[in-house]
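Chain lettering (A, B, C and D) follows the sequence in which the chains are written, and residue indices restart at 1 in each chain.
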Amino acid sequence: MQELINAVSLGCIYMLFAMGMSLVWGTLDVLNFAHGSIFMFSAFSGFYLMQETGNSLPLAALLLVGVVVGALMSVLAYQLVLRPILRRAKDKDSAERQILIGGIGLAGIPVAIVQIQTLSNPFSFRAGSFEVASYDFLGARISNIQIVIWVVGVLLGTAVVLWLRRSRSGLALRSIGVDSEVASLMGIDQGRLGVAAMAVAGGMAGLSGALLCVSFGALTAESGDVLLLKAFAIIILGGVGSMLGTIIGAFFLAGAETLLIANTSGTWVDAVSFGLLFLVLLVRPQGILGRQEVRRT
Amino acid sequence: MLEIDELHVSYGKVRAVRGVSLAARPGRVTLVLGANGAGKTTTLRAVMGLQSVDSGRVRVDGTDITGKDTHKVVRAGVSLVPEGRRVFAPLTVEENLLLGGYSTSATDRADTLQKVYGMFPILSDRRDGAAGLLSGGEQQMLAFGRALMSRSKYVLMDEPSMGLAPSVVQTVLMTAREIADSGIGVLMVEQNAEAGLQVADEVVAISQGEVGFTGDVAAARADRAILRAFLGESALSN
Amino acid sequence: MTQHTVPPTVAEPASALVLDARDVAIHFGGVKAVDGVTMEIAEGKIFGLLGPNGSGKSTILAGITRLVPLKSGSLTFDGRPYDDVPTFKLARWGMARTFQTVRLLGDLTVEQNILLGADVGRSSGVSRRAAATERKECVADVIDRTGLAKFVKWTPSELSYGVQRRVEIARAIVMQPRLLLLDEPVAGMTKSEKLEIAALLSDLRAQGLTQLLVEHDVQMMVDTCDHLYAMNFGKLIGEGVPADVVKTPAVQEAYMGKGWRADA
Amino acid sequence: MSAWYDAHLILVQATFISFLVALSIQFPMRMGVFSFAGVANYALGAYTAAIVVVRSDEIVSPVVSVGAGVLVAVVVSLILALIVRRLRGLYLAMATISVSLIVQVIAFNGGELTGGASGMFGVISDLTIGSVIVVCVVAAGILTWTERGTLGRRIDAVRDDPELAVSMGINVNRYRLVAFVGSGVFGSLAGGLEVLLRSTISPVNVGFSLVVTALTIIIVGGYRSWVGAAIGAVIVTWLPFYLQAMERYQQVIYGLFVVVAAIFVPGGLLGIADQARRRLVRRQLEHEDQEAAAEQDAGGAAVVDAVGASRKEEAR
C-alpha cells in the first residue's frame, strides 16, 4: 500500500513533466532536450530564493516560482533558439537534428551554472516555513506534500487533456501538429500558440521540479538529464502525440521503479526506464497508444 | 476585388513570377491556366503570405495585404484551398471544419457550420469520422467547406481536380461554381483546362512567370494560342 | 478488359525480355495500390507507362526496383528472377532509375553527382587503372551528350529545374544500365526542355538502351514510346501501340475525364 | 620548448583524446547515423582496459589492454547495430544516449569489478603520448581516404539520400554497420588510451557531460570531415586554458557555442570555410560562364512550382 502511494506520487510528477514535453513535441515538432534542465533550474531557483529569504517562503510561493521560472525559460528557449532553428533549417531531417543539438547545448547551460553554484552537491528545500505532516491512509502513511502532488497532478493532467480535446486553441494546436502550413491557412497564429504551448510545457516542468524537490528531498544539477530520458521513454511507451498514452506511461514507469526500489538497493533504478525505452523502440516503435497514419488514397 | 498587381516572386536565384497582374471579383470564377512550373502555385502562395514577395502589391477590396503573415491574410478575407486538399487526416471532419472557422466568432462558426453541412450533406453524415478516411472527392468537399468556414470573400483554389476520379472532377468544379454564385470571388488554378473553362467567367494564362492572356471565357476559346497550349493539338484531338 | 479493342501489335521477332513483371500486386495496409499488373519490357525499346495521379505508376516502379515489397507476383531481370534481391544489387545488375522529385546531392558538384553513377561496381575484368580511365571517358562522353559541359563545376542549387533533371538522367546513363527507369522526367518543364529530353531519350534508344518512361504528358508519350501501358486504380486499362492506346475510351476517360471528347 | 611541453602535457594529451572521442560520434554522423553510442564505447574501452591492467598480476602491454577494450566495444557495437537497425533520426539518437547511460549505471553498480561510484585507480602503464599521437595520425589517414573520391561520394550519398544510394548500387546497410563499428573503435581507443594516461576512471567521466563535450567539438569544428573534429578538439581543449574567465564557466560557454552553431552555422567552422571557398569558385565561374547563367534564367521559371510541390510532398 505504501508503495502504491509512493508510486502514484512519483507518477504524478513524471506525468506533469512528460506531458509538457509530449505537448510541444507532438504539436510544434520540438523535442526540447532542455526540458530536463528547465525542470532542474526551476527547482534550483526556488532553492536559491529560499536561501535568500532565510527559509521563509511558503510552499505555494515555492511552487509558483517553479512555474514562472519554468515557463519563462521554456519560452525563451523557443523564441531565441528552437524557433529560429525550425525557421532556418533546410529540411525536416536537418531541422530535427539541429533541434536536438541546439537543445543539448541549451541543456548544458543551466546544468553548468547550478554545478558551479552548488559545487555539484545536491540541493534541497530543508525545512522551510511549511511543515511536512503525515497522515494514516488505509494503513499507510501519506504526507501533506503527497496530497498536494496528487491534487495538482489530477487537476493539471485533466486540464491539459481537456484543453487539447475541447478548446478552440487546443484544436488549433493539434492541427499545427498535423500540418503546420495548412494550420496557418486556417488563420491560426502559430507564433502565439507556440509560445503558449511552450509556456505551459515549461510551467509544468518547473512545477514538477519544485514538487519533486520538496517530496523526495533533494536534486542535483544532473537530475534533469536523467528525468528527460525517462520522459522520452514514457512518451515513446505511450506513443508520440497521445496525451493519454503519456499519462499511462508515466504511471507505468513510476510503478516499475517503485517496485524495484522496494525490492533492491535502488541503484539500478535508472536502468529501468532506459531498458524499457529500448524494448519499446524495438518491439512497437509507435508506442502503446501511438496513432497509426490515418490515410486513404 | 482581390487585386494582384505586378507581382514578382523569386525562389533562391530563380525568378518564378515576373510581374503577374490579375484580379478576382465577387461572384465570379477566374481561371488561371499555365503549364507546370509557370508560376501559378507560387502566385497563390505569395498572396497567402506563404512565400515572400520581391515587389508588387496584393490588395483586398483596397486594403494592402502584401507580405502579411498568413493568418492575417486569412483574417483579411482570403483563404486558400491547397493543392492536394491537405485535410487534417487524423482529425474528425467536424474538427477540420471548425478549424476553418478558427478566426470567426463562436456564433458565426456554429452558423456557418450548419450552412456548410447543408451544402455538403456527406460531410454532415461523416462529421465524427477521421477526415483521412474520406474519399478523394469527399476530401475536396471538406477542403472547400473548410475554406467557406472562414467566411472569406475570396477563395483561392489550387488544382481542385488534381488526382480525382474523372467522374468526380465535374462535381468538384460545379461546386466551385456554386461557391462563386453565392457571392464569393473564386480564383482557381486548374490543369484540366477544358473542365475549368466550363465553370469559369474569366481566364488568365500564365507562362514562364508572366501573364500571356487575360479575357473572358469566350475570348479564351477563340484564342488560337490558348487552344493550342491548353486544349488541343494533342494526339487525343481526333 | 480493353485488351481486345487494341489492334494486335505488329508481329516482331521474339526479342529477349529485359524486364518481366508478372501479376505484380502491391498493397499498403488495405489499399491495393497495384493490383495484378503484368509488363514485358523487351530489349532496345522505349516503353511508356501512363496514368492519372494515384493510379499506381510510381508504386509499381518502387516495386520493380524493390524499394517496396510485393504482395504477390514475380519479377525477372534479364532472365534472372529477383524477388529477394536487394535494391543495391539490382543497380549493379544494370537497372538505373531517376526519381519523381529531383534527388541530387546538394553538396557535390554536377560532375561529382554524375561520377556517383560511374562508381557503381560493375567490374568488367579490366585492371583498376584501365577501368578508371574508361570511367573518366564515359563520364566525359555523357556530360557532352547531355549538354552539361558548361555546368560541371556548378552545384545543383544553382541550376534550373530542367538542367537538374538532365543531370539526373546523365547520372543514370553513366551507370551504363541495361534498363533505364524514368519517373516523370519532364514534369514541370517548359515545352522546349521537354523536346530536348525526348530527343535525348530517342538518341539513347538508338544506341540500344531499353527504357521505361513514366509520364503524364500524353503527347510526349505518343511521340517517344514504342509501346504504351496505361494504368488506373492499380490495374492496366490498356496496352499496345501508343497512338491507339490513348484513343481507347477507357484511357480517355481515365486520363482526360468525362466530357472531354464532346468539347474537343 | 620542452619546458612548455612539460607544463602543457595534460592539455596536449586531452586534445588528442578529445579528438578520438569526437570521431566516435562524428564518424557515424557522416554516414547519416545519428548515434551517441560513442560515449558508451568510450566507457567500455576505458573500463575494459582498466580491469585488464588492474586485475592482472604482470605488467600488461597497452596493446593488450587497449586492444581488449576495442574488442569488447566492437562486439557490443555490432550487437547494438543489429538491434537498432530499424531506428532512424531522433529515435536512434535517444536510444543510443540511453545505451550510454545504461553503461554508466552498470559502471556504478559493478561492485568490485568496476569499483562502483568511486571508480578504479592505479591503472599504471608505460603508454606514452607518442603512441597516442600515432594512433590519431593513423586514424586521420584512414579517414582522409574515406572522405575522397569514390568512397567519399558514396558516403555522402548514404548520408544525404539513402534511397538514392541503394538505387546507385550502394549497400547502405553495410555502411551503417561500418558506422557503428567505427564508432566502437574510435570510442574505445579514446577511453582505453585515456585511462592508461590518467590511471583512473570513474562513472562520472562517462556520463552525459561527455556527450555534450563531444558534440561541442563536432558542432564547433564541423561534422563533415575529421578536420572539423581536429579543429574542434583544439578549440574546446585550449580555449578554456587561455580564457581564464572560461575555466569556471567552461561548460556554460560550450553550451552557448553549441546553441549558436546549431542556429547559425550547422556546418561548423569547416562549413564556413567551405562556403567561402565555394563562393570564390562561383565568382570565377560567373565571370567565365555568363552565357550559362543566361541559359539558366530562361528555364528558370520551371524550378519553382516543382520545388514547391516536392516540399509539400515531403510535408505530407
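Basically, a residue touches a chain if its C-beta (ideal position, glycine included) is under 8 Å from a C-beta of that chain, and two chains touch if they have at least 3 such contacts.
Predicted model, so just to flag it, every value in this text is computed and none were measured.
*Asks:* Sort out for me whether B-C or A-D is joined by the greater number of C-beta contact pairs.
*Replies:* Higher C-beta contact count between the two pairs: A-D.
*Asks:* Quick one: which chain's Cα centre is the longest way from chain B's?
*Replies:* Max centre-to-centre separation from chain B belongs to D.
*Asks:* Calculate how many whole Å lie between the centre of chain A and the centre of chain D, each centre taken as the average of the chain's C-alpha atoms.
*Replies:* The answer is 30 Å.
*Asks:* For chain B and chain C, what's the span in angstrom between their mean Cα positions?
*Replies:* About 33 Å separates the centre of chain B from that of chain C.
*Asks:* When the centre of a chain is set as the mean of its C-alpha atoms, what distance in Å lies between chain B and chain D?
*Replies:* Here chain B and chain D have centroids separated by 49 Å.
*Asks:* Determine the centre-to-centre distance between chain A and chain B, using the mean Cα coordinates as centres, and give it in whole Å.
*Replies:* Whole-Å distance between the two chain centres: 42.
*Asks:* Identify all positions of chain B at which a residue touches two or more other chains, and write them in rising order.
*Replies:* In chain B, residues 12-14, 36-37, 82, 86, 136, 208 touch at least two other chains, as defined above.
*Asks:* Please set out, as single numbers or ranges, the residues of chain C touching at least two other chains.
*Replies:* 54, 158, 160-161, 187-190
*Asks:* Residues of chain D that touch two or more other chains: which are they?
*Replies:* 296-297, 300-307, 309, 312, 316
*Asks:* Per the contact definition, I'd like the list of chain A residues that touch chain D in the complex.
*Replies:* On the chain A side, the touching residues are 31, 81, 84-85, 88-89, 91-94, 96-102, 104-109, 111-113, 115-116, 179, 181, 222, 225-226, 229, 232-233, 236, 267-268, 270-271, 274-275, 277-278, 281-282, 285.
*Asks:* Residues of chain C touching chain B in their complex?
*Replies:* 52-54, 157-158, 160-161, 187-191, 218-219, 222, 242-243, 246-247, 252-254, 256-260, 263-264
*Asks:* In the complex of these two chains, what residues of chain C are touching chain D?
*Replies:* On the chain C side, the touching residues are 65, 67, 86-89, 91-92, 96-97, 99, 101-103, 105-108, 112, 115-117, 119-122, 150-151, 153-155, 158-164, 171, 175, 187-190, 193.
*Asks:* Enumerate the contact residues on chain D facing chain A in the complex.
*Replies:* Touching chain A from chain D are residues 34, 83-84, 86-87, 89-91, 93-95, 97-99, 101-102, 105-106, 108-109, 207-209, 211-212, 215-216, 219, 248-252, 254-259, 261-263, 266, 312, 314-316.
*Asks:* Quick one: in the complex, what on chain D touches chain C?
*Replies:* So the residues of chain D in touch with chain C come to 150, 153-154, 156-157, 160-161, 163-172, 224, 278, 281-282, 285, 289, 291-292, 295-307, 309-310, 313.
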